[in-house]
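Since the structure comes first, as structure tokens, the remarks are kept for the end.
Read from first to last, the chains carry the letters A, B, C and D; within each, the first residue is number 1.
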């Protein structure tokens, strides 16, 4: 009953396979896809993460219900930036309905630790390194919630 | 049941190097602390303490998780469906003040500006904490403070309640269990009546939560408040339950860090949900101790607690009733006692014929018996019942038959000394 | 000074079964707890707990005495002449809200009713706790909220202060030490200027009290507030010092038991003095822990504490300044550093070139280094200085040179990883 | 430093010589002097002790600056009642100035544990049993503060 049982000796938080800043994520951070890209946006939205100070804008160009181009702008931490970059990389060419479905899955995977399957797993698995870092989940989530706002808004 | 309390040994104050012969009969004021709770607080402060909700580092994230998890534990404890309905504060007093300011005052102010009359309804047994905030609001907005009478049994007179509620009633605030009479109000029924008049309900649960399973969902009140220290938890910690649908329209109460999403020198945006009412650093040690207290009670189990307390309460009431000079504040009808023995109060307030209450308390104290004397922060109730002060004895987990016997012997001695 | 902190062993969190390699650099958020304090709280809850101020029995009278004695200890600690000037609450946040409601709002309301313009003055560095309550009052009474600029050194610009104060200034509220910049304001001088304009002063001492002897009598402020948990004390406990001459005219803040001398259903009389601001049950465990924390610091002695902290702060600032990618929020002038080495801040807020603050904090955390990242509840200050977030490192008694070395190594690693 | 050192094993609070309700005090409680006495009061005042609920009225008849008669009324605890009774018993015949001086001394003796000397010691010593019971001091003090109010008021 006492909390003594919850005390653990220090464990270094970095295990290579559980580290927050994995190589795949860092790569997106360093060479982000869609960052400051000039596109002919039909829809866009601004997302702010108060705790972290992340401030990001997601813009998409939709033509005949398909996402032709994606871009993001603003100042954010590496997690948010990498998440936005992956989003821009992998959603291009999908239909709005496909994107919304996928976004649901990615969000669930991040907030409820649900595993991704299939191609989504490959594409977005690096994001799941936030699993062990509850405070940073919102950073990874922000581009996705912002994207959904953009899709629901009429630009 | 043997006469000894099976849980007394959980309370270090009774250990041989401390106060082994203490007869503590003031649990309605504050409960003594089980070692489990003191340990949990100790371990938290020693090994886990950090700022919640603000740090990115593991130690802080763990504390945040503790606080968020505590919402779930508390929700579960009082039968709320979600931790999102739970907000932490410093005690019942703050909880009621918070609701008065954040929820009720804007409603009153609005009616006032529109020239509509308003009234607030409370009951005659209320603790000052559930009277003074309404008195202040009533005065400020020229609203009427209506007081529901109590029956001879010491509970709310439902017929009178129905008469008092009307379209201009902005809130009904009442205690689940009186801290003087120890009687439970039929909270479900009361809230149903209020609902018929579209009146929001606030339940002061300070005395109720330690005496049986509370179910705010069944009661269907809008708000429910209580304090950790009356539940074998630590000092300085309280809980406000509220239906989450109210939170959005409520304004923040105290202002400070952690409740804002965006601030500049001219304006601020506030966060949503229960944290809007928790500015500044959380009293995490208190929250951790409260969780431990809840788990402690859970481990004992309500049926066992209630069985013990009911037998003890019955013995207390029966023993006192036998004293010829005993003058209870409320005389439970014999019929009711016989019909519903489980409803015997574990708080009794009384006087001894021709002996002043404070003399009784002092004389009992000289025999190591701790009872409360005075109006117990319910002066208007005492006035209503035509007395200025009473002696109050209230039971806790550590009490047993021998405590009742000591009390009776002490009262006898006091009576003889002062009147003999 | 050897490189090790002589007091680190007093903090159980660093023991071998807990977090021996923790590098805790977030004392400005909350201080870790020395065993002394956790013990005192534990012993209180286990062996001494009872309701204060309400029981006639010995156990309760002892608790009352503890609380009353604590007022003296605290008064002494901050250089107040009498315990009567000390009121306990749940923290700095509540303290400021209390003063805003009880003292300032009636003054504003009065001016407003008379059609007189009002303004409130704060400084640009204020924590949200010392901004939001004034923002709310300013809005409610159409008063102007004036913000004193800070100098390049991060302290209040006294010339600007003098310009802003006028006959319509109802209050000046400022922090003794900024929780972001770590710089002390010349509180005495500021209060003297305010006094010339007959403006009452409220000092937010949350960050100041742990870093040297505070003397409210010398500062001559009207109010001074702080929190126990930023002083190595327990959570949920705070202090408001006020000149007692103000207490009578102040209205009670939260309403409840223990602050009234006479209550009926239509009106109430309130008690006089500091207890008027302490409704409901006291957080006695918190008060006991605060007293223990004060005694702990007293036993170490301010000269020893300051000597350690100053050397460490100097080492921290010097080490960070050597990093080519280090971007401090405030650049202390070399001249000043040389002239007043003792004024080096033990709180530093900074950014790393091209690396987001939250990434820095997370990466440091992976090396067991706890720093804060964000706006530290001082968003307007950050906006004023043109940044959205910073990393903050702040020192406590347990820190030593090795912590600074770890921080520097961690920053290096983070910088390389993110930009390399 | 820890509070452990402050813990004492239970001590019965009643030592005959330190008990709150000593015989001398009980005697006054049981046969109070001046209680409900009908006098031609020139001065009187009401005193209330909120904590205890004591509610007492002190009345005096002053003639040519001397207290000719004293009486008290109301509902109070034994300590307050005994204190009032002693006051009525021993102040009769004294001048206003003497009474005020004596009242100062008795109050100091009760609130600051200052010893009484001389005849006052004999007369009022039983009251000093409240010394060990800080909460009850106000009960013993109430008649005295009320008396002072009465003397300062014009009836």
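In this text, a residue touches a chain if its C-beta (ideal position, glycine included) is under 8 Å from a C-beta of that chain, and two chains touch if they have at least 3 such contacts.
None of the values given here were measured: they were computed from a predicted structure.
Participant: Taking mean CA positions as centres, which chain lies farthest from chain C?
Facilitator: D
Participant: Pick out whichever of the two, A-C or C-D, is joined by more C-beta pairs in contact.
Facilitator: Result: the pair with more contacts is A-C.
Participant: Indicate the whole-number Å distance between the mean C-alpha point of chain A and the mean C-alpha point of chain D.
Facilitator: That pair's centroid distance is 77 Å.
Participant: Averaging over Cα atoms per chain, report the distance between chain A and chain B in Å.
Facilitator: The computed centroid separation for chain A versus chain B comes out at 46 Å.
Participant: For chain A and chain C, what's the span in angstrom between their mean Cα positions?
Facilitator: That gives a centre separation of 37 Å.
Participant: What positions in chain B touch 2 or more of the other chains?
Facilitator: 18-19, 22, 39, 47-48, 54-56, 58, 60, 260, 262, 358, 362, 365, 373-374
Participant: For chain A, jot down the residues that touch at least 2 other chains.
Facilitator: Within chain A, residues 7, 13, 51, 133, 136 contact more than one other chain.
Participant: Residue numbers of chain A touching chain B in their complex, please.
Facilitator: Spelled out, the residues of chain A in touch with chain B are 1-4, 6-7, 13, 48, 50-51, 133-136.
Participant: Touching chain D in the complex: which residues of chain B?
Facilitator: Of all residues in chain B, those touching chain D are 16-22, 356-359, 362-363, 365-368, 373-375, 388-389, 417-418.
Participant: If you look only at chain C, which of its residues touch chain B in the complex?
Facilitator: 12-13, 18-19, 22, 24, 26, 29-30, 32-33, 35, 37-39, 41-42, 45-51, 54-60, 90-94, 96-97, 127-129, 131-133, 135-136, 145, 147, 227, 229, 234-237, 254-258, 260, 262-268, 279-286, 358, 361-362, 364-365, 369-374, 377, 379-380, 383
Participant: Which of the residues in chain D end up touching chain B in this complex?
Facilitator: The touching residues are 7, 9-10, 12-14, 19-21, 26, 29, 51-55, 75-79, 133, 136, 139.
Participant: Considering the complex alone, what residue numbers of chain B touch chain A?
Facilitator: Chain B reaches chain A through residues 36, 39-40, 43-44, 47-48, 54-56, 58, 60-61, 64-65, 260-262, 271, 288, 292, 295-296, 299.
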